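As written, the chain order gives the labels A, B, C, D, E, F and G, with residue 1 at the start of each chain.
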């Protein structure tokens, strides 16, 4: 697939490092914090992350590395 | 498989970027919005997406990146 | 495996594009319609597809792209 | 692994095309019919296949293409 | 990993073709019989195999090809 | 993705070997101890690890090698 | 990732062949015995292995080959 003036999903992700995101995992738990970095597999480093289950904060983490294969989707928080 | 005058599924997907789609994930939740981009793994960026469960809108997202391996199917909304 | 005068499964699939098929997914839901195209991963485009659960039509789709890894089997409808 | 005078499993499968087999899938459903062809991924074409659940025939198919990753095992019917 | 005078697991498996084994699959069902051949993916041909569930023989097969990804472990029966 | 002055997740992990981490697996069990080493697949060696279920210590291990595909996330304990 | 004076997890595993380990699989069953060999996929040969469920010995095996993808973790028994 030739892609010229459109951004691939992974490029968009990469451009949003250092910004706030919410990552929902396949087990329905969410992590909301700064996405310090992310690679093409969607492994990501999150800092100052809140762990959210059923809309409640159930944990806080200084820095976690999430394994990419668990990711359902990543919400960019600086929008909408 | 030689493919000449027919379009492969991923090419069709690519041609429908910037259009409205509904993405159903394996967990039965749907995301309806503009497909801003998509790659060959079916990772996709959706903007102004409604999250739909059992036909009810349960969330709204400015921009999300969905990990492709969760996708069940993608419905092109500009048809039928 | 050398294959001379027999057709591989993916070649047979490819030869049946534009024909009617029923695709059963791992979640037991079926999609019956025209298989507009298919690739070697079994990603497929279906048009005018009926969604069937427990033998009942529960949805209709103008055009959907099904992610191949969800496929259980594909039935060629022009036979038997 | 060097293999000289023994047959690899996929070679044995290939030699049994056009013969009757029963394919059991991971979901415990079985398909009994002629294995028209099979590839190295165990994708297979079956013709005149009976669908069997709990020892009862619950469906019949003229021709189906089964996606290999669903296969639990394939029984060669011309033996025992 | 350099391996000199020790045998890799797949080499050991290969050396035990034509011997009696019990294969336990992830679904807890076991197949006990002669391992006619096996490849590096652990696809295997078994002949004169008994199907065992909860210690009871529930089926017999002349020859089956088991898809390797279903294997939990393979017990070499000529030992202990 | 070109990455210049930011650290990829796996590089960050690597820089934290010999430090204390908590590894949460997909089955919700956690292992807290020193991360003696880790590779790009997230296989990791942990020493003096406590096994934690529902916030209770249920086991202790001198040294374990965790297979990377089971990892949900890794928390760096020297932070927050 | 450059790794100089630290050992990768798979190298550590390899160095512990011929030693006693306990392997916990994803289905929570454990196998305790001598790890006769292991490869980079974590396929492993165990000899004189006890099968342990809920802390009880439920089976004994002279020699088994465990398929690596089932492994949760491997505990080195000569430590702690």
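In this text, a contact is a pair of C-beta atoms (placed from the backbone, for glycine too) under 8 Å apart; a residue touches a chain by one contact, two chains touch by 3 or more.
Since the structure is predicted, the reported quantities are computational estimates derived from the model, not experimental observations.
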What's the overlap between the neighbours of subunit B and those of subunit F? A
Report the inter-centroid distance (CA atoms only) between subunit E and subunit F in whole Å. 34
Here the gap between subunit B and subunit G, centre to centre from mean Cα coordinates and rounded to Å, is 42
Express in whole angstrom the distance between the two chain centres, defined as the mean CA positions of subunit E and subunit G. 19
Which residue numbers or ranges of subunit A touch two or more of the other chains? 10, 69
Can you list the ring's chains in order, from subunit A toward subunit F? A, F, G, E, D, C, B
Parts of subunit B lying in touch with subunit C, wherever the complex brings them together: 1, 3, 6-10, 12-13, 26, 42, 68-69, 71-76, 79-80
For the complex, which residues does subunit B have touching subunit A? 10-11, 14, 17, 25, 27, 31, 36-40, 43-45, 48, 60-67, 69-70
